[in-house]
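Everything below concerns the one structure shown next.
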Amino acid sequence: MDLNVWILSLITWMPFVGALLIMFTARHRPRAVRLIAAVATGISLLLSLVAYARFDGDVDAARFQFYQKVALVPPLGISYEVGADGIGLVLVLLTAIIIFAGVFASWTVETRSQEFYALLLVLVTGVFGVFVSLDLFVFFLFYELAVLPMYLLIGIWGSSAQIRPRGLFGWAMRETGVGSKEYAAMKLTLYLLLGSAFILVGILALYMAAGGASFSFLEMEGVAFDPVLQRWVFLLFYVGFGILAGIWPLHTWSPDGHASAPTAVSMLHAGVLMKLGAYGVVRLGMGLLPEGTHDWVPLVGTIATINIVYGALSAMAQTDLKYVIAYSSVSHMGIVLLGAATLTEAGLNGSVFQMFAHGIMTGLFFALVGLVYEKAHSREIFRMGGFGRMMPGIATAFTIGGLSSLGLPATAGFVAEFLTFLGAWRSAHSWWLFPAVAGTFLTAIYVLRVVKQIFWGAVPAGGEFHDLPDARGPEWVALVLLIFVIVLFGVAPGIALGPIDTATVPLLARLGALP
Amino acid sequence: MSLEAAGFWGLALVLLASSLAVVLSKNLFHSVLYLALALVATAGVFLLLHAEFLAAVQILLYAGGVITIVVFAIVVTERLVGERLNQTNRGVAAGGLVSLAVLIAIGLFVMRAPLPHAAPPVAGDLTEAIGRNLLTRYVLPFELLAVVFLAALLGALFFARKEE
Amino acid sequence: MNDAGTLALAALGLPLCAFVLLAVVAPLRRAGKAAGALGIAAIGGALVAALVLWRSGQGVELAWSWLPAEGGPMATVGILVDPVAAVMLVLVALVSFLVQLYSLGYLEHETGPALGRYYAYHSLFAVSMIGLVLAGNFLQMFIFWELVGLCSYLLIGFWYDKPEAARAAVKAFWTTKVGDLGFIIGIVLLWGRAGTFTFSELFKMAGDGTLAPDGLGLVMFLIYLGAVGKSAQFPLHVWLPDAMEGPTPVSALIHAATMVAAGVYLVTRAYPLFLLTPDVLALIGWVGAFTALLAAVLGLVQADIKRVLAYSTVSQLGYMMAALGAGALGAGFFHLLTHGLFKALLFLGAGAVIHAVGTNDVWRMGRLGGAMPQTAIVFLVGTLALAGIWPLAGFFSKDAVLAGVWEGGLTVPFLMLALTVFLTAFYMFRVVFLVFFGAGRAEGHPHDPPVSMSLPLWTLAGLTVGVGGYFALRGGGQEGHGPGWIPWVSSALAVAGIVCAWVTYQKQAVSAETLARIFAPLYTAAQRKFWLDDFYGAVYRGGFLALSRLVGWVDRYLVDGLVNWASAWTLRVGDRLRRIQTGRAQDYLYGVAFGLLLVIVWSYWP
Amino acid sequence: MGLQPYLLLAACLFAIGLFGVLTRRNAIGILLGIELMLNAVNVNLVAFARYAADPAGLIFALFTISITVAEVALGLAIVILIFRVRRTVEADRLDLLKG
């Protein structure tokens, strides 16, 4: 068996195998469940590192490597076709890191841990599948596989928040049950399904326009679609994937969903699934529809700047820690889409790098929020204080995550933001630079405010918080891994930028955006 | 007016009258009897159409089997409930209107359709043709029908069995 | 890689190793004293490397790819050693070394983990500052620029349980971040024009005129904004006095000698580019002079000894900037170096005092000259140097600055700076008289500090005197070729300031209250810090927080409210529609009949 | 004699059956209406078979009759069952499907 051919399939299906093993062998044995989950995701992580090492960084080499194709439904042109270019490779690595860390960060899930881990692993298979699929039909199947288990994961293992229904639509908020985990799960699922409806229409439109013979991405790439069709299909993809990427004003599922979801799910969802939306826009939208891209980038970029500033301001207004982090994701996803919309090498590299960097840092954030919540049983920022004395490890990790999020150099966040700034200034809409930079300042305000409030200062009187423990064994695995990655990619961004560049340059060449 | 036409109109009259009686009669038992009459009249129509075998089946199965079962059911339910089963109609106006609309719609459809004005001559023995086709071309549906019967039989038994 | 490169990398790498070890090896960090020893050893090694590098006089430029791109790296990291960098490197390493040594005594009562954390931060700071000094391009400079800001934040907040310290740390970060926004936008804009971050390439382009000067003013102004934040120039100086909440050695190192001088260093570094934009230079000069005067006035009314020194730092940074703005590059940089020495000395001296009496309030000190003579002597040396008394280091550098500003034709800024000379002498000697002589009485039994603390003090005092003596013997400053009357005037002003302070605070011939009454409006304004902090507070609360609350409200109750509205209506309509499901099969059959009719009608529709 | 009269006759039969199904209150009555409608279909099938000279129609009619018989048997079994449980065969009260 040639590892180069099978490696992506192994990475993708390993968690699925783990899920089956958990369902069939580990009934009522939580320790075995966790062990299987850790081993399955660990194997995926190791294999993604192997793939990373084996990736041929030569730009002129075939763009999609580790290629494998098995025909599934020949009459309709559906096949199981996988391969990874630099972008896919980096995102596969991201997914592997986050899920591995996520398994450790949610080590303490007690209720129905068997089903929890099984669903989580199935979901991860879907995510891997999306990043490696080169067949749009299979891509869509994986996409749905990644989206749907979320409903159960949030609905069953989630937590509810307190939101006061007020204002013009107060009655509507009361009727829909804002704040409850069921509400969040339903909202998230409906939003994402709406998005996938758009995507499905887009995919089918391209399939028919290309002659209805093949769903293969590589074959569609060779088709020059009608410009009018391109315009509409790009919009479909942008809205459809954009919902998952949290574009304003279709982002409101994200704060509720992420705040209600259990730790590992928040990590995976904010860390990886939102990237899946951005990845879809870049891969399908920009990759297949060059003219459509040119038609719509002004809108994409402008909405991205709104995301950046609006998300940061919203995050500042929150009093619930999880909501702060969730809104910060909305803000940071703006950087991702802004970078892509610049249509410059720096910007697009920054965009993909930000997908990676934000994935890691938001994963770290949600892991930490989960730990704080688990130990202090509170998410209300302004009721906490002085935790640094009791949990120095968590405080340090949170600070590092925060610094990365505000774009401090030597963390991965800086590289991504800086590249995006460069791209924005070189793009056709240089004013994008200013909201983007303003966003980093706003981020600095809310992140440091939260750090100061929770970890610094004195413990509030009342004795509610005393002798809170710091992070423990398995939790440290998650934290250290994520911090290490943040710093490593911040200090040596070339590790990721090398492969990314081999994918973005041909993409930009196709878009005619290279000088 | 040919013999066929005369037979047709006569049978049609009987058929429609008995059908109306089926849906309008207050007495359920009478309804069933009128249904039997309607079915027999239909068998007559089949004869007019040279489908003798079907006419026989119609009388045997329908007029024989179905009517028997229904009468049986009425008797059983009446005994269960301990009173005579009366039946009345409700929403006669609405039902009549909709039925009439359907009749007019189908009627218009039929009137406008280009239909043959004369039947082709009868070619050979239709009964033989039925038998031949049933065991060759339509053997699969025929066998499936047996499965349906089996399912119906089991279902009826299941429903009718005594509660534990 | 040549010799100079190795030395420079050693200077950078030793503290880096110390930091990584302290960060990763938790037991070492928790040991406290051992962590301190490691940090001191590393920075000591870096100091030796820096000295050797400086004496060798070699220059070197190295670069490695950092952000790979299609057509060659988009950005590099590397090392640029030239005379300016070398001497700055020596200053940084020296002060860092002395301060780390001093801290061992100053923080002897801290727990092991806290001390280890302190030295980890200090090592990180050393790495960042050395990296900043050795940066060969704008991007790398920005990277380390932010990292020193981070260390500043962490060290101000070292005692993070204290709410004031937490607030001051965050304030420092945010305020300097405002300037850094300008800096990064400036870098991006400059890259947009020139396509490179590297100093040497940019200077070459500036030299041969390939860098179009139109619009460059904005770019350079934005880059200067970074210096405004970091070097505490008006109007972003507000963070520096508050930063005194950190441990005193931190104030000496970061907020007096090294980090705050980074802005000056930045302007010095990018000087060939600033020369293309004379308007920006003039602005730098004016803002510098104004900052100097403003901070001096503010320094007059402080009761906290560290705050007096902090305002004095702001004031002196204004001097340096004014010199740079006037075109006196050498004078500004010279003042940076000498100021680094004697201001560190002053802070460490103040630290010794605070360590001894346990308070920062000058009104609760007094007659400490007898109890701690060593401290009094070194503090006096520092004060005289700061006041600009011959033959100490401060005299020559301040003289050079004044001459440079005069020569640069900035008359009004010159007058402001001259006035500041008087004020500086006055407020510094106010402190000296109140603390070491004066009428007050300190509590407890103050005594001179242990040797680990006094050794750095004496070293710095010796250097202050030595540098001054060197120039006194050699005659004149580096390039202070102004008119001959300037040294006399500045000395006269300084002496006048000292005398005034003596009259007011020692002899008490003039009461301080009377002075305050005479200058009542100014006094009130200075007490309120010219309302700048209030203004920023209002902007923060009324601008950012209010706006964020508005956006948060809009998001939750309008944007999301609309979603909920649609959802609630769907639910309601569904509730109504549910009623057509009567459950009676016959009603459904009506539906079927209608459907049949529809099909037929539709098939006949024209 | 054309095909049209047969089809019209079947249409009338169908409409009467429909009327019965729509208006009868008694479940057995509804079943009788259904029988009439199916009968109308049979008339159609046989008539078409005759005029198109294709025995397929006859065979389908045969199937219909057979299935109808099964259906009636089952339907009545259900009616009896409902009777046992709910003590009524009034169609109005059989509204378990109500939304």
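Letters are used for the chains, namely A, B, C and D, taken in the order the chains are written, and counting of residues starts over at 1 for each.
One rule holds in what follows: a contact is a pair of C-beta atoms (placed from the backbone, for glycine too) under 8 Å apart; a residue touches a chain by one contact, two chains touch by 3 or more.
Owing to the predicted nature of the structure, the values given are computational and were not obtained by experimental measurement.
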Chain nearest the global centroid, as defined over all protein CA atoms shown: A
C-D against A-C, pair bridged by the larger set of C-beta contacts: A-C
Farthest chain relative to chain D (centres taken as mean CA coordinates): C
Whole-Å gap between the CA centroids of chain C and chain D: 93
CA centroid of chain A to CA centroid of chain D, Å: 59
Chain centre separation (chain A, chain C; CA means) in Å: 36
Centroid spacing, where centroids are CA-atom means, of chain B and chain C in whole angstrom: 99
Residues of chain C engaged with two or more neighbouring chains: 590, 593
Touching two or more other chains - residue numbers and ranges from chain D: 18, 22-23, 92
Complete list of chain pairs which touch one another: A-C, B-C, B-D, C-D
Complex interface listing, chain C residues touching chain B: 590, 593-594, 596-597, 600-601, 604
Of chain B, residues touching chain D in the complex: 2, 4-5, 8, 12, 15-16, 19-20, 22-23, 28, 31-32, 35, 38-39, 42, 45-46, 49-51, 53-54, 57-58, 61-62, 65-66, 69-70, 73-74, 76-77, 80-81, 85, 87-92, 94-96, 98-100, 102-103, 106-107, 110-111, 115-120, 123, 126, 129-130, 133-134, 138, 141, 145, 148-149, 152, 155-156, 159-160, 163
Footprint of chain B on chain D - complex, ascending: 1-9, 11-20, 22-26, 28-29, 31-33, 35-36, 39, 42-43, 46-47, 49-51, 53, 55-56, 58-59, 61-63, 65-74, 76-81, 83-84, 87, 89, 92
Residues on chain C engaged by chain A in the complex (per definition of touch): 65-70, 74, 113, 139, 142-144, 146-147, 150, 153, 157, 160-163, 165-167, 169-170, 173-174, 177-178, 181, 184-185, 188-189, 191-192, 544-545, 547-549, 551-553, 555-565, 567-569, 571-572
Residues of chain B touching chain C in the complex: 94, 98-99, 101-102, 105-106, 108-109
